[in-house]
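These notes are about the structure you will find just below.
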Amino acid sequence: MSDIKKLINEAIDEALNSSDSNKEVISEAYVTQAVKFNLNTELLSSKTKAEHQKLLEGYSKKLNEISAKLDGCDKSGANLNHSEFRSLKVDEAYNHNAAFLHGLYFENISDLNSQINMNSLSYMKITRDFGTFDAWQEDFVACCLSARNGWAVTFYNPYLKRYINTVIDLHSSNVMIGMIPVIVIDCWEHSYYRDYMTNRKAYVFGMMKELDWNVIEDRIKKSEKLSKIL
Amino acid sequence: MSDIKKLINEAIDEALNSSDSNKEVISEAYVTQAVKFNLNTELLSSKTKAEHQKLLEGYSKKLNEISAKLDGCDKSGANLNHSEFRSLKVDEAYNHNAAFLHGLYFENISDLNSQINMNSLSYMKITRDFGTFDAWQEDFVACCLSARNGWAVTFYNPYLKRYINTVIDLHSSNVMIGMIPVIVIDCWEHSYYRDYMTNRKAYVFGMMKELDWNVIEDRIKKSEKLSKIL
Amino acid sequence: MSDIKKLINEAIDEALNSSDSNKEVISEAYVTQAVKFNLNTELLSSKTKAEHQKLLEGYSKKLNEISAKLDGCDKSGANLNHSEFRSLKVDEAYNHNAAFLHGLYFENISDLNSQINMNSLSYMKITRDFGTFDAWQEDFVACCLSARNGWAVTFYNPYLKRYINTVIDLHSSNVMIGMIPVIVIDCWEHSYYRDYMTNRKAYVFGMMKELDWNVIEDRIKKSEKLSKIL
Amino acid sequence: MSDIKKLINEAIDEALNSSDSNKEVISEAYVTQAVKFNLNTELLSSKTKAEHQKLLEGYSKKLNEISAKLDGCDKSGANLNHSEFRSLKVDEAYNHNAAFLHGLYFENISDLNSQINMNSLSYMKITRDFGTFDAWQEDFVACCLSARNGWAVTFYNPYLKRYINTVIDLHSSNVMIGMIPVIVIDCWEHSYYRDYMTNRKAYVFGMMKELDWNVIEDRIKKSEKLSKIL
């Protein structure tokens, strides 16, 4: 998802030219790159898909801008009520999540031949932790319908040693620490409003039918490896 | 941190007896247990330490109560504007983080012989990602002074493949997804107000001087192993 | 905006029949009613307008549901980490604002003959507090572009004795206390995404051109009367 | 509470000298002034009282700093994901509320001879809207125990034409729009932690016993006048 470093010069140039950024030397700043996605799904209009790609690029750009600004920011003035440093850190978490959640979402949807194999790790772990696959599905859909412009995410939770569904508001509210994301559905209005209007349920059911269980299986395999270390 | 399962009967009893809980059979609920900490530090009064332990127990208890309620909650009524399910999921993330951040915090402070070894992984990784150890310290203190009743946390960020400092408000706002926590300082007023009043800086400097670098080294070793999988 | 009381029986029936509500006698609960709006604007598609009306009705219904539940809720268990009472109060503010901000928004847009009279109180007060009318406009548009699924609102601020522009996130974050709302534009994605996609700027400029300055003048007249008491 | 204008020169100087502020000409910026309070209560230690006064001064200073920065801020770069303008507006609401809620709080507590007259408007309106005075008290205490470092406030709600209790988190979350504040109790840990530790209930009961009903009566009289205009 990153391909860091080789973009650093562009980011420096951009940051130096941007009207409100700080003109200090940039050395420690990190740089991220938006990925291009090819979505096969017919459940979303091509306009929705194209505009969503634009939004993702906006978040990555902002994240790089913030990283560059943080690099030159005066830390001695850090203050909880108001300071440039605080604002940058708050917005860093917001744009970080926006960029990477979008990446995870685009990657795990739009599989026209979606099916979960009952011998897969995904199936076994989900049924272990939710009782049945249907129970996971019901719980996950409930999360999708509960997010206020936000996200539903199934995470591996290393503290509880189980998979757990969560509801994120906007991009960085109600986020559990230390979790490994495995299944991600975008519930911001921009992801469905053009095509489904207020009928979020129809959008969610559509996305659930096209989850890419190969991608998810890879993430769950990773989580299982991690769980032995964590 | 957990020692799960063996407490399940207590939790079931408690949930069944609590006035506003749901009387359904509890099967999938998880259960967590608050850890008892022995803090050697003289930088905090014994009253502050004892009351902090009480708070931690409150969070663990609430997390178990929420888990039990979720198990019996009607998911078909999930709604983003208001529903019991949504409220429980939002508060689950809040109390989850409260419980585990406190655990991580108590574990990594109060080392009276605190010192970082320049040959340690901690030292190498921190200097790699922040330029110098002092630069990390300056940045981390700035995070401590920027949290509005919240937390400063150094996380390993698997997306950016580096360690990064973050500012969490309350327990679950501005949280980056997918991070591995390695250094944690509590910046809620309850952690310092009795002893330092508005002088949060003095409290933070005190805690920094007693960071337990052995605990942190173990966490960083884990993170480095994880980084090869992630 | 309200026409309270006469709907109380319906609300009681609804609350009593709703699956997760409390079956206590409802006596102190308040009841609100969603207003029907006729929007002349061609800047929004009829689908967007119709669906927006539906959303408004959803918020009013939820507010009544919450009010009824609060009436029977156990207050002795109130708890900051998690309690039914807390969740209801948090969601009450959210749905209250959603319902009334939508009302204020629908009321002050869609005037096809929009123009501000330079002899109006609106014009005088705005120029007094922002320097020029253009300066207000620039500042207000900046607020519209800064809200994260939220609202831009010009309020009369009785503490500062002036009009002030504000940025609300979602429905109840970053809200100044004690303000009198006079100009309101919805910046949730649902208000423009179908018609303008990511081009929020075009939507905002459209709405600005059709502000109903007669409605705003009435609100400003009221604010000026209030300012003598406050 | 304000005594605006005469402090403008100090504020300009301060803003111009502050390290991270903008050096533009300040013209439209507003200025506020922290009030000095004499608290008679013995329920709070003199240290708690003195430090609380310091906090209030910090909020007022920050509000002035933000106002000055906004005056010179580039509005054309306003952006919802991240921009200096957005950060300033978000923190403006936060510090505005912090400053004025503290003012309202200090003003309405610490009456050693506190008693509510049953012929007062306060008593009549409270009993009208909550059923009994005890019911208001129970509901208000529940709000105090539900705020997460925040505030309990009784507001006059002009939309619902009644008084209503609310729970504010931090300073600007869950705030109902358009309300007139009449009774305010600070529930941040800094207001009680030194003296009551985790026993917030004891602090709240103490404050309730010393509410200044003369101050509240004046506010309710104002609200009743306002209610005829709103």
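The first chain written gets the first letter, and so on, giving A, B, C and D; residue counts start at 1 in each chain.
By definition in this document, contacts are C-beta pairs under 8 Å (C-beta built on N, C-alpha and C of every residue); 3 or more make two chains touch, one makes a residue touch a chain.
Just so you know, these numbers come straight off a predicted model, no measurement behind them.
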Inter-copy rotation, subunit A to subunit B, in degrees (Cα atoms; steps of 5): 180
State the pair with the higher C-beta contact count; candidates are A-D and C-D. C-D
Taking each chain's centre as the mean of its C-alpha atoms, give the chain farthest from subunit C. B
Indicate the whole-number Å distance between the mean C-alpha point of subunit C and the mean C-alpha point of subunit D. 22
Roughly how far is subunit B from subunit D, centre to centre by C-alpha average, rounded to an integer in Å? 30
Interchain centroid distance [CA atoms averaged], subunit A/subunit D, Å: 37
What positions in subunit A touch 2 or more of the other chains? 79, 81, 83, 90, 94, 148, 169
Specify the contact topology among the chains shown, as one of line, ring, star, complete or other. complete
What part of subunit C is in contact with subunit D in the complex they form? 1-2, 4, 27-28, 30, 32, 75-76, 78-81, 83, 85-86, 89-90, 92-94, 96-97, 100-101, 129-131, 135, 138-139, 141-143, 145-148, 153, 159-162, 165-169, 172-181, 222, 225-226, 229-230
Interface residues, subunit D side, partner subunit B - complex: 47, 51, 54-55, 148-149, 169-170, 188-190, 193-194, 197-198
Using the touch definition up top, name the residues of subunit A that touch subunit D in the complex. 19-20, 58-59, 62, 65-66, 74, 77, 79, 81-84, 87-88, 90-91, 94-95, 98
